[in-house]
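Here chain A shows up in two complexes: once beside chain B, once beside chain C.
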Partner chain A sequence: MLKYGLMYGLLSARRRAREMLLPAITIATGAFLVVIVFGMQAGIKQQAASLGHAGEIGHAIVLISVTVLLVGVVEAAVATTRTIAHRTRELGVLGATGVRSRPVLVALLVEPVVTAFFGALGGAVLAAVVGAVLGAANAVSSSVSASGTVTGLVIAVAVSVVAAAITSVVPIWRAVNRPPIKSLSAS
Partner chain B sequence: MAKHLGLTIKDVTASEIDSRAESSTQAEAAATPPDPRSALPTSPGGTFGRLMRFAIANIRRRPERFVLSVLGIALAIAAVTVVRTISTSFAITGGDSVTNAIGSHAIWVVPAQGVTYNAAAGALVSEGPASDITLPTGWTGTEMIAGLWHSSHGEVAVYGVAETPAGEAVMSARLAQRLGVSDGGPLRLGGHTVTVAVSGGSTAIAISPDLARDIVGDAGWWVADEPAADQGRNDLGKLFGTAVGLPSTQNPAQTPDKNGNGLVYDTTTGSGAVSFAQKYASAFSGQVTDSTLGLISIIGLVLGFVIAVSSFLASVQERRREFGIMSSVGLADEVLYFFLVESGVVFVAAWLIGVLAAGIAIWAVLPHLATPVAWAQASATVAAFLPAMAIVGAIVPVHRLLQQRPVALLTD
Partner chain C sequence: MTVTEPASEGVAPSGGPVVKVTDAWKLHKLGDEIVRALVNVSLEVHQGEFVCLMGPSGSGKTTLLNIIGGLDRPTKGTVEIVGRDTSRITESQFAALRHDTIGYIFQSYNLIPFLSAVENVELPLMFEPYDRKALRQRAVDLLNLVGLGHRLDHQPAKMSGGEQQRTAIARSLISNPALVLADEPTANLDHRTGEIVVETLKDLCSKLGVTVVASTHDPAVADQASRVARMKDGQIQAE
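For the complex of A and B:
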């Protein structure tokens, strides 16, 4: 049953691709920052050292870039609440015809998770390209480390996907477990 | 009209939450005929109270969206607050350190190598020997030694202050604690033993100039004051600079020419209202807000604003019919008030959570970097952005709605 839920979710996510553009962009912005920060850690450490307290400022920069990524991810969850509101009747029909709540939950989770994954990946790849170009053109004072970029990419994608799933699951769960009659009679 | 407003808000609110509430409201209305002397609605709380109730009813209709937008904005506000706290504490240390270093002297001549703030010592130290100048006649001043002493307890700034008695080291209680000495006790300073005198809050040890020269070398700067005849002039820096043949400035962000002989800072207010220490402080905090940190936090705030607008847009879309009803009974601009109050509630809640989260994050990750005062100041600074964000966040979605005719809102 979960497999069908997943496929149903993928199909509807494809249909609603345009509406997921804004959350994808906000997530991409956050992911871009995270990857740049990890890739240029050496340069940022240098800048932090000029301010004194190099270690603490370095931590603060990582903490704040991850926070910004989370802000981007929350937009995906806000978009999910919009999706749910649009599809209340559809959820009612599914419930009334006896579809269990778990496959529906999976189907609705596909949208934020896919958005987060592609958004983060897009932003991270863009950051890696920008970092590489800047490094090659010697536009930045420090080198862009490849290992740092990869770490940043993995962290950005993992944090976005997990955070998108966690923030979206509660509104979806509430919507899925509404009595079908209420969902169907909603305007 | 006012009566209509009150009843409409009440009815719409009630009907949206619970149909039972609506019937009871109607029953109430039927049971108690309105007082003909008063044109005002009878529900308590005044206009603002009713707007608040309406906003809260709408928040309760989509609680998860409210929670999510508050969460997103709170995260963004927390990021900005952390950065502002760091920059404010930099400003406080910058201002304090310049006051510690030069006191109330009007002229500060720094060497060509410049002065730097040593974070470990917590004080300003000179990077080179004081400029080779002779005081112009009438001016009072002194060459002050200001260098770093590498003690076994870390780096400590040492200032040679003329008034200090020989064989005595004046320091703050905090520094004495750091060095493990007490008032009146001995301190091994380089090859000398001096008596500790705890007084003041300076982050540097003040000793006699000869002793200081012996310990930290020639590093230092000049401080000077104008002759009595020139008191109150606002071009003291220029006057002194011309007399000694050095460039002068009132701007602490300007650094001396590496190949020159030094730079004269005029620390009097001059024509501006901001003191030199304050200017120095803002130059110091600017280093943080202009750094990567400041840039990232501003991007975060922009994303937070995007969340606010997109969640209000969604809420407007879902309530088109409701607003159609309102505008067909003559409530057009009032719709904006509903959204202003709602957006105000969202932003205030996000600010409270964000500022608290920032406080916890700073306390956990950067305990040495920030003080509660800096945090409070930063929270206040961030609060200053909120009204603008809340108002724009409410106007953008409603603006499109107000352009449409009621029929258009009701039909689809």
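For the complex of A and C:
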């Protein structure tokens, strides 16, 4: 059954790609910043060490990274809430026709997860390219490290996907288990 | 599974009624006031009947339909669907009963905008392990049955109101239900298109043996029914 929920979710994600664009762009922005911060982290730390403030600057970089990731998590949660609001009637129809809750939960989870994955991947890849170009052109005073960029890319994509899944489960489960009559009467 | 099969899923045992509502009440609390949406309603509907619930807005038609379909529960009284007392079953058991036995047609069609007509018809069974080719063939056959064989791949936005409602009728039949509930099926349609939709519903009863219960305030729809239950202030006043 869950397999069919997944198939329906992928179908709807493909057809609703346009609606997913805005949340994907906001998630991409967060991932872009994470990768840039991680890519330049080593260089900034090196410069900071020469100035004698390595500890404070290192903490500031971590704080910036965490803040950016938190923004990404909030963006994923907001995107899910918006998606559920748009699909309330669809949930009512599925409930009225007696479709079981679990495959519908899976179907609706696909969209935020796919949005987070492609949004984060797009933003991270763009940041990696920008970082590489800036590094090659010596446009930034601190170097851009390849290992930091890759670490940032992996973290950005993983955190975005996991955060999208975690923040989506509860609101989707509640929406799926709402009495169909309430979902149908929602505008 | 073909569209020419008579409705067989969940047919009432030994020719009993498909729907049996006994002394049903539905009370809503609105602030300090108790609103009586249904008052001591009893109704029996047998296989192949096309029964219209007729009455003005607020007369209790939709409440009665929702109670028959298990989207709402009566405050008091019992509802039996194909011989099964629904007051004794859980919400998930009622959902399963709805899935196998009841098709729904809504006033505002409620088609999924990003699915094509044929996918909308498949929707109630899309989450089940049915053979995809057989399911697609059945959906195509049902769309042919309601005269929409040429609109298979059209999305709802590219169909007229009448076409959308006929797609919704095809969707209501996909699991070969014994009972179809239609809430104001012609309310959003012009007179001619409404006639076509009512003809389609009548055909379901006569050709497939499906039982149809429809709510309406349109006398032209009621004229086509095999039986009319007139409702006012939550009560059936005459049949």
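Structural remarks
The working rule: the second predicted complex is superposed on the first by the 176 of 187 C-alpha atoms of A that agree within 3 Å, B and C clash if a C-alpha of one lies under 4 Å from a C-alpha of the other, contacts with A are read in each partner's own complex, and residues count from 1 in each chain.
We adopt the following convention: contacts are C-beta pairs under 8 Å (C-beta built on N, C-alpha and C of every residue); 3 or more make two chains touch, one makes a residue touch a chain.
What you see is a predicted model, and the numbers here were worked out from it, not measured in a lab.
Of the two partner chains placed by the overlay, only chain C lies in contact with A:Arg89; chain B stays clear of it. In the superposition on chain A, A:Val68 makes contact with chain B only, not with chain C. Within the superposed three-chain model, A:Ala158 lies out of touch with both chain B and chain C [touch as defined at top]. By the touch criterion defined above, A:Leu21 lies against neither chain B nor chain C after alignment on the C-alpha atoms of chain A. In the superposed model, A:Val133 makes contact with neither chain B nor chain C.
Residue contacts after overlaying the shared chain place A:Arg100 against chain C, while chain B stays out of touching range. Once chain A of one complex is fitted onto chain A of the other, the partner contacts of A:Gly30 are limited to chain B, with no touch recorded for chain C. By the touch criterion given at the top, residues 66, 69, 71-72, 91-92, 95-100, 102-104, 106, 110, 112, 114-115, 119, 123-124, 126-129, 171, 175 of chain C touch chain A in their complex. Those residues of chain B that touch chain A in the shared complex are 62, 64-65, 68-69, 71-72, 75-76, 78-79, 82-83, 86, 90, 117-120, 287-288, 291-293, 296-297, 299-300, 303-304, 306-307, 310-311, 314, 317-318, 321, 361, 365-366, 368-369.
Residue ranges of chain A in contact with chain C, taken from their complex: 1, 4-5, 7-8, 11-12, 15-16, 89-90, 92-100, 103-104, 107, 179-181, 184.
On the chain A side of its complex with chain B, the touching residues are 22, 26, 29-30, 33, 37, 44, 47, 50-53, 56-57, 59-61, 63-65, 67-68, 70-72, 74-75, 77-79, 81-82, 85, 167, 170-171, 174, 187.
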